[in-house]
Amino acid sequence: MRTTIPVIVAFIAGLLVVVSFFFRDGTIVGDVKQEFLVWSSIIGGFTLLLGVVSIVRVNMATVARKKTDWPYKILTLVAIFVMGIPALFPSSWSPLLGTASGTSVYDWLFEYMQKPMMSTMFAILAFYIASAAYRAFRARSAEATLLLITAILVMLYRVPMGEAFLNMFPGNISEILNKYIMNGVNMAVQRGIIIGAALGAASMSLRIILGIERTYLGKS
Amino acid sequence: MSFWQKMEQIDRRWIYLAVAVAVVVPFLFPTPLPISISPEARSLYDAVEALPDGCNVMVVYDYYPATVAECEPIAVAALHHLFRKNCKVVTLTNIPYGGPSMAERVTRRMAARYGKTYGVDYVNLGFKYGYVTVLAGMGQSIESIFPTDNSGTPLSQLPLMDSVKNYSDVSFIFEVADNATADYWVSIVNAQYGVPIGCGGTAVQAPKFYAYVASGQFVGLLGGMRGAAEYEKLIGIEDVATVGMQAQSMVHLLIIGLVVLGNIGYFVVRKQSKKGAA
Amino acid sequence: MQTGFFAPGSVTPKLCKRSDRLTTGGLCLYCVVIVNFGRVFTRKTATLTFAFLLTPSLIWAQSEDAPLFRADRINALVFLVVFSAAILLYTRWARQGKPLFLRKIAGLDAIEEAVGRATEMGRPVLYIPGLQELDEIETIAGVSILGRVARITAQYDTPLMVPVRYPLVLAASQEVVEQAYIEMGKKDSYDKDTVRYVAGEQWAFTATVNGYMMRERPATNIYMGAFFAESLLLAETGNAAGSIQIAGTARPEQLPFFIAACDYTLMGEELYAASAYLSREPVMTGGLKGQDFVKMVIVILVIIGVLLATFGAGDWYPQLFEAV
Amino acid sequence: MSGWEIFQLWLVAFLTLALFSFMYRDNPIYKAVEHIFAGLTVGYQIGLIWNSIILQQVWSFVLEGKGWRLIPAFFGLLMLTRLSSKLSWLSRTSLAFVMGTTAGIFLISELHGRVLPQMQDTMVPLNGGDGFGATLLSVVVVVGTLSTLVYFYFSKEHRGALGVTAKVGIWFIMIAFGAHFGYTVMGRVSLLIGRVQFLIEDWIGSFL
């Protein structure tokens, strides 16, 4: 019973969406499908809450048991509530609270703390890439050599200084790179990969609809 | 220990320092270089240029705050172009972390520059969970998926949304993405509803999107900061991305140099150790 | 609203009518087929319902003046039927135990050799089943390849270290590794700390694993699963520590880093194929064989299309594939 | 510039530098900032769930008398039982509904919206266009696409004609990955430029 009902639900929901694709607009099937999609968006939205609750729980437990780094976890908890609680009030109540743009605590914290932090975390990757370029990117096989040479040419062609350098050679190298590498070889391979991946995703979806694939339900 | 062996074991922090220098110097001594326009950027610009003035357009903020450096210049350049043509702009996002806030801020800032009114000239729908269901659901009715705008105003109170009921009322979609959501705009919205889509993606995503440009599922493509710089040049407003391209040049040259140096070291050391073994 | 190759005026009304019937019939057939193969309802009830109740009423509905179905989408329907039939038939055959051939992936031999080298050197093997939750197919593939690796390390008594990022992956990996040691008759040498939950956060995880690599200097690092920006850091550190590295992921944006920094890389679908090859799970093997079949059909259809286009046979053939 | 604006500028600069300091070595300030960052991200979610899901998709409908919108909300709440090992089976129906609808859209859109158009666009005449360049491009596109598909074909050994095609496939794949590699490097560098642009132009620029 604990498995049968979910499998039947997935089957009906999935098959209805598939079949509705072949129906014309304005039929009852289309309306039911639309309501299904809205429901799916609402139910799925609660998975975001799942993340919030589980992170709060894990951090609280760490602090309560004074495990390693517990003082830092207090900072995390404080940050969660400082950001989260003002957002629960309607902005009509006080412009400071709520999520309105440009005025609220929520928006301010996002713009002046969260956004710069997130973009800095990823900016660090540029340093790592440079270090990896020196240590790890070796022409250890014919394939890797081909990869590195293409990479260098593409890196040159995508920046003004490199383009100026490539243009010193005869035969308009940057146009050739754009036409035959990016729109030729790269495009063709990406297309092959896209087709393969699409077949994989479709086959996974089919198995989910039919209840053959049940890993997502967890252990029974 | 030979020079190359020592070089092999160099502390990585020296390399970090070299990168820092390479990226900072161009800002201190700016030397503008010409930027050529790729055919993909050109065709995106032409497609937007060919839109009738005042038509309804969607601008989609499908990027995380992590990639603002690449994506925001694209979104800004697109809004310059669209507001200049008096297009009505509907924005939305599929990104739960910060998407609605960025859509709100960037659009409001640009709208203020062009004297546009919220609700009449532009609307921010915000975020709803489940990009696949959101994209599919808007085909029949935007209002059923987004009953209100981002700040909770019912769509019926926003005059612009009277004329935008579903995809058939949208003339063009400008998708700015740093992740695979762009793929679903192609496979769901373009394939089933036929709305033309132009894409600005991060450089990491761009190579894949060439396949969609070739098949006509994207009308054009801007790849990362370079793509933004090209679009800035096309609309004649040279902004942050154009300035960034000089630093980009320097760091690329440094990285190419490091790859070459690393490989020379690799082969020299390998030769030496072979000799030593023999 | 009819577009595409069944656009009004482009074909006779008679043909239009026929394509309407075909859509209806096809859709019913599709429902009957997938209900039969699925594990949802009993076959009899489903077939009876569809065959005796729905089919005639739907055909009747379609033949009215305003047809219910998008006859112009019949090409997608045909594709859907062929695709579903291929996947489901192969899955059924795999379940019935028919011998289905899958070629051996070259990288699999490399794994065996690399573990052998670790044994010779008396140093550990590091295995990371990706940095994603268990609901990702890449992670499932990574965990199933881990079973194979654990069997080899059990055989040679080579120490194994498996850091994981999610609790569910922890449970699954522990089970797989313990099972492998029991199968090889080495239950006593199984160490409970082989699979370790390291950290939930991406960069904290990476920093810990990198620290481990530099301290313990594992002879072999194997990365199989979903990797993100940390792929570069892991591979670079492993390279600096002098380990032999084998990677496998389906993410095209991370593959170049693995290819450049690792000794062997399983690319994209090779990862799934490797896990199907090793696990012989009918659902995995059947799915893979079905996809392979459709892939070959696609290759043949495209070759026909290219030949027809080259010899100027007109637009009718590519029009058959128009998505509307 | 007002005092508040100066404070904002310095705050962002401090956070940026604190995170960059990790590259020199791990330190308490980095760790503290990282933990605050993690907390803010979760806090942001709270606002998002409250406003865009609970208020806009559920409560506004209940106020209009459409109480049945509480049903999906109830099933959504059942998702929370996943946190308990005993009750987690209650979340399965909700999860199955979401997975089912998503799978339904995928099954159609992957085959219809991706495979068909990409197949169709590969059917190009090899002798079309103007001259050698166009022919070469068509050959590259057709051979590249098909050999990549063949490379990822597992039902036969790569021997004979299949082996040759797969070998061609791997060369194509390596060139394409090289291009992808170049683009990825470019993207990461751009993100750094974004931060440096802020540090130099906005922050240092404000007091120079």
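A few comments on the model shown:
A, B, C and D label the chains in the order they appear, each numbered from 1.
Everything that follows uses one rule, which is that a residue touches a chain if its C-beta (ideal position, glycine included) is under 8 Å from a C-beta of that chain, and two chains touch if they have at least 3 such contacts.
Just so it is clear, the structure is predicted and the values come from calculations on it, not from any experiment.
Inter-chain contacts peak for the pair A-D. Using the average of C-alpha coordinates as each chain's centre, B ends up farthest from chain C.
Note on chain placement: the centre of chain C and the centre of chain D lie 19 Å apart, centres being C-alpha means.
In this assembly, the C-alpha centroid of chain B lies 29 Å from the C-alpha centroid of chain C. Here the spacing of chain A and chain D, counted between their Cα centres, is 3 Å.
In chain B, the positions touching at least two other chains are 16, 19, 23, 66-69, 96-98, 100, 128-130, 133, 136, 152, 187, 191-192, 203-204, 207-208, 211, 214-215, 223, 226, 248, 251-252, 255. Those residues of chain D in touch with two or more other chains are numbered 23, 38, 41, 44-45, 48, 51-53, 57, 98, 101-102, 105-108, 110-122, 141-142, 145-146, 149, 152, 173-174, 176-181, 183-186, 188-189, 191-192, 194-195. Within chain A, the positions touching two or more other chains are listed as 7, 11, 15, 17-18, 21, 25, 37-38, 40-42, 44-45, 47-48, 99, 110, 114, 118-119, 121-123, 125-127, 129, 131, 133, 135, 137-138, 140, 143-144, 147-148, 151-152, 155, 158-159, 182-183, 186-187, 190-191, 193-196, 198-199, 202, 204, 206, 209, 216. The touching residues of chain B, counted against chain C in their complex, run 191, 194, 204-205, 207-208. Interface of chain D with chain C (complex): residues 26, 34, 38, 107-108, 111-113, 115-117, 119-120, 122-128, 142, 145-146, 149-150, 152-158, 173-174, 177-178, 180-181, 184. Interface residues of chain C, counted against chain D in their complex, comprise 73, 75-76, 79-80, 83, 101-103, 105, 201, 203, 207, 252-253, 255-257, 259-260, 267-270, 273, 277, 288-289, 292-293, 295-296, 298-299, 301-303, 305-306, 308-310, 312, 317-318, 321-323. Chain contact summary for the complex, chain A toward chain D: residues 2-3, 5-7, 9-18, 21, 36-57, 69, 72-73, 75-88, 99, 106, 109-110, 112-114, 116-127, 129, 133, 143-144, 146-155, 158-159, 179-196, 198-199, 201-202, 204-206, 208-209, 216-218.
On the chain A side of its complex with chain B, the touching residues are 17, 21, 25, 30, 34-35, 37-38, 40-42, 44-45, 47-48, 90-91, 99-102, 107, 110-111, 114-115, 118-119, 121-123, 126-127, 129-131, 133-135, 137-140, 148, 151-152, 155-156, 158-164, 174, 178, 182-183, 186-187, 190-191, 193-194, 198.
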